[in-house]
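In order of appearance the chains are A, B, C and D, and numbering begins at 1 in each one.
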Amino acid sequence: MSNPNLAVELAGLKLKNPVMPASGCFGFGREYSNYYPLSQLGAVVVKATTLEPRLGNPTPRVTEVTAGMLNAIGLANPGVEKVITQELPWLAKQDVPIIVNVAGSTEREYCRVVEEISNSGYAQAIELNVSCPNVKLGGLTFGADPKVLANLIKKVKKVSAVPLFVKLSPNVTDIQDLAIAAEAAGADGLSLINTLIGMQIDIKTRKPVLANKIGGLSGPAIKPVAVRMVYQVAQVVKIPIIGMGGIYSGIDALEFIMAGASAVMVGTANFTNPMACPKIIKEIADFMAAEGIESLEEIRGCAL
Amino acid sequence: MLLDVTGITNLTSNIWELCLSGPFPYQRVQAGQFINILINQGKDHILRRPISIAEVDTNKKSLTIVFRVVGQGTEWLSQRQVGDQLNIIGPLGTGFQLPAKNSKVVVVGGGIGVPPLYQLVKELKQITNDLTIILGFRNQADCFWVERFAKLGQVLVATNDGSFGTKGFVTDLLDTKANYEYLYSCGPRGMLQALKNHCQGINIQGYVSLEERMACGVGACYGCVCSSADRKLHYRICKEGPVFNWEEVAL
Amino acid sequence: MSNPNLAVELAGLKLKNPVMPASGCFGFGREYSNYYPLSQLGAVVVKATTLEPRLGNPTPRVTEVTAGMLNAIGLANPGVEKVITQELPWLAKQDVPIIVNVAGSTEREYCRVVEEISNSGYAQAIELNVSCPNVKLGGLTFGADPKVLANLIKKVKKVSAVPLFVKLSPNVTDIQDLAIAAEAAGADGLSLINTLIGMQIDIKTRKPVLANKIGGLSGPAIKPVAVRMVYQVAQVVKIPIIGMGGIYSGIDALEFIMAGASAVMVGTANFTNPMACPKIIKEIADFMAAEGIESLEEIRGCAL
Amino acid sequence: MLLDVTGITNLTSNIWELCLSGPFPYQRVQAGQFINILINQGKDHILRRPISIAEVDTNKKSLTIVFRVVGQGTEWLSQRQVGDQLNIIGPLGTGFQLPAKNSKVVVVGGGIGVPPLYQLVKELKQITNDLTIILGFRNQADCFWVERFAKLGQVLVATNDGSFGTKGFVTDLLDTKANYEYLYSCGPRGMLQALKNHCQGINIQGYVSLEERMACGVGACYGCVCSSADRKLHYRICKEGPVFNWEEVAL
């Protein structure tokens, strides 16, 4: 096997390979297009988009921790109108599928953003962010209760013409419950995991480092939790899963695929190495070639 | 990019100068830009450390950075030796906008904010002869690169305790009646604020270089923002900055 | 300040310093007594004790991950009778307070173990383990629901003559809910956090590394989550909190104390460095001396 | 404990011999015990790596380990140089119980299980002259330390492909009619099982050294257990083992 086939299909969406940058870690694609053509990617997932422009939280809003980082960006984005007029047209020219991550504070807000994105024709899929830990303490309003989540998904599905991936939060007691509820409500796929909620205290100032106090933990530190959740969810749903959390190498990506993910997203690794995504794609291909794997279907969920 | 360490010099108790060479788009560097350095192959630290470009030599194909040891990343950097390699990305950000020819210019640096102004001063020399350089340090032991700057223009130094140059702050040395047209500065946020207040009411274009904790360093994560003057917008320090016209930003 | 006072009081229990080994990471104390006198410690917390002897899970039951490890020991222990007759008498001679970690499968089992330990007279306190993730998939029966937890605590309190610390699981949506319920039910203190649930897949064998598949994630990787939970819980309870999760240094311990913990436990760090606890005690003392802190009360919860 | 690396030698494509010296309770070492090595100050790897003691020299105050590179920890170990230091704890575990004087003994090692038997054979030489050493390797390229063992006694070698010694397995070389009284073995679990089956029905004391993934290495975490023969009990390989009488454990 010298030329393994990395193509995957996610709820009808055909990707040339299973690797996508994770939302919030790749802006709207422009910056990393200075490092490689975005057409090398399976898809591009853009920053969370809300109805109105949002400034996000005060700074500092990122800090490093052991094997990871905390962020409390707080959904900073230019708002759906500017995203559609100023960001997506450029990205649409890059010959790569676009997935728009959508966030909101109310069901109405979610629905309006999804509708506008769907109508714009730029997005091949929408990722519903119901798991941002940084909006306010005790947030996660939509991502923690299966009923609330199901209601939101049903409403959003009505106004969306493109596949809907629901991005789940890991900060819950039972991820399987939420996954089952999301599938039953009509989600076309699930993305997991978003960040774990964490905090760092600077013992010199004796205060939390982040202005927002708490932030989302990402990076290698969370990989075991993420793999476990993908594995658990893969046992209870039929819709495709996009796995993420600390993926830095092809080996990491393959762990998620063997745990049941159809595709993966790469977040924090982009910051460490701007070439992380192309590197991971190559490492997956190399592994498949070395082990004689012709298609990722062969190994998806093989650890289950 | 992998750059070779070609020199490392200790300047003060905790400040180091590091020279790098290797494949790098030297021509593209704008004074005030920075590079983002991977610490120990990313093994202990997943985030790169942003350090300003202090000098770039397009002929010799080399660049110089100066940094203060404040934590594990800069500690590791200070232990590099000639022959080691550094994994960096850059040049990043938007640097200083140069003044009109023959303008009257003052450059103000404080502490570890001094070196990023060196490449700027080199370039200013090509444009104007009317150049004043004001440098502030805590005390004599913390002073560095004063002579280096003195070769390029008139240098005034302030130290908090008067152990070198004038006792006091950079603002004490900045004559608001001197009709400076442009001010360029890099240093602690408090110093930049003091400078802006000091210049209140006089007609001067001020450019300041800001810092914030960064994750991506390229504009993708929205981690490193500062507020616009009216606080209605955010700018990314790593992309729209680190240098801003001080009228644009809330200091 | 050359001689700071590290003593702390936890629900009437006086400790000479706030550092204790975490349950399950220190056996019953014998092994590490080869490295230093146990009397240097604030207290010794022993392995989870159950009514009957338990063998635990099949091997492999430990594996390393980035900045941490996974364990699926599964409450292996010789059973309460042997613990009382063969382990605690030795430990009682080491001049250090003893905290016995108690686990069980039913309320009755918990109560019987607590009663026997309390009656034995060896334990200065009991730590109720309602958060072991390794007993069966989807376990956590007692640690995930505030009502179930409160009922258990009330029953256990009736048969215990010594202070009762309840060790909470981090694998829940709302740690504050559980903490409030535990306090209301009579807990004398709270220990947090136990391990996060994680998984590692060996891409060569294409199977989970642990025989139990899932295991508990501990070590530096979980510290930000642990600090955050201590911080959140400190805002809603008055009883003392014992913080743990990835503590390797005095700085780490101080983060927890500033987040609101009265004392700390050290688990995985013992494996990396058998002298971890004495080292951490010294580093806390050094910091207090350098910063002129006379007692830990001065800085407890200062980041809140 | 910090030990100095005093020698490092490459034995086969992926097997290395490392000599250490420094403060260590050499006298206390029992053949079959192991040390637990911290990798790179614990920075990238929080768990120590257990490696058996292959030889201990109480006079020269040195000890030798032999390891196969299988992952990042052993890879790092293979890159150590003379003059580096290793942070280790040990000696750990319970080693081989020596036989009665002048017994008839066979020692069987397979692959990376060969070196832990070296110190044992050295000690056996003091006790008995009736000593057979059987070593198994995959092929000639994987063979190592055969001559070293040959200096201490009669050595029989089996390789899977016959490229060195006899073609076949160690069991092919173990004559069950030879009236061996003691068997000592270290190697892959499959080989140990095969040996035990092979010796079924003959009157022999078998001692085997086992492996399991470890966390603490000292008996505190219950991570590394194996089952007793009746599967009713667990033994900690790092404390009650790594060497067990093969009647005691479920192989």
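The criterion applied here is as follows: contacts are C-beta pairs under 8 Å (C-beta built on N, C-alpha and C of every residue); 3 or more make two chains touch, one makes a residue touch a chain.
Just so you know, these numbers come straight off a predicted model, no measurement behind them.
Asker: How far is the middle of chain C from the middle of chain D, if each middle is the mean of its Cα atoms, in Å?
Answerer: 36
Asker: Per the centroid of Cα atoms for each chain, what is the distance between chain B and chain C, given in Å?
Answerer: Using C-alpha averages as centres, the distance is 48 Å.
Asker: Go ahead and note the Å separation of the Cα centroids belonging to chain A and chain C.
Answerer: The separation of the two C-alpha centroids amounts to 34 Å.
Asker: Can you list every residue of chain C that touches 2 or more other chains, as numbers and ranges?
Answerer: Expected reply: 67-68, 220.
Asker: Using the definition of touching given at the top, classify the network of chains in this structure as line, ring, star, complete or other.
Answerer: ring
Asker: Please list, in label order, each pair of chains that touches.
Answerer: A-B, A-C, B-D, C-D
Asker: So in the complex, the part of chain B that touches chain D is made up of which residues?
Answerer: The contact residues of chain B facing chain D are 43-44.
Asker: Provide the residue numbers of chain C that touch chain D in the complex, in ascending order.
Answerer: Touching chain D from chain C are residues 24-27, 30-32, 34, 47, 55-56, 59-64, 67-69, 71, 73, 76-77, 219-220, 268, 270-274.
Asker: Mind listing the chain A positions that touch chain C in their complex?
Answerer: Against chain C, chain A makes touches at 65-68, 70, 138, 140, 144, 171-174, 196-201, 203, 206-208, 213-214, 217, 220-225, 227-228, 231-232, 246, 251, 254-255, 258-259, 287, 299, 302-303.
Asker: For the complex, give me every residue of chain B touching chain A.
Answerer: So the residues of chain B in touch with chain A come to 38, 42, 45-48, 89, 212-227, 233-234, 239.
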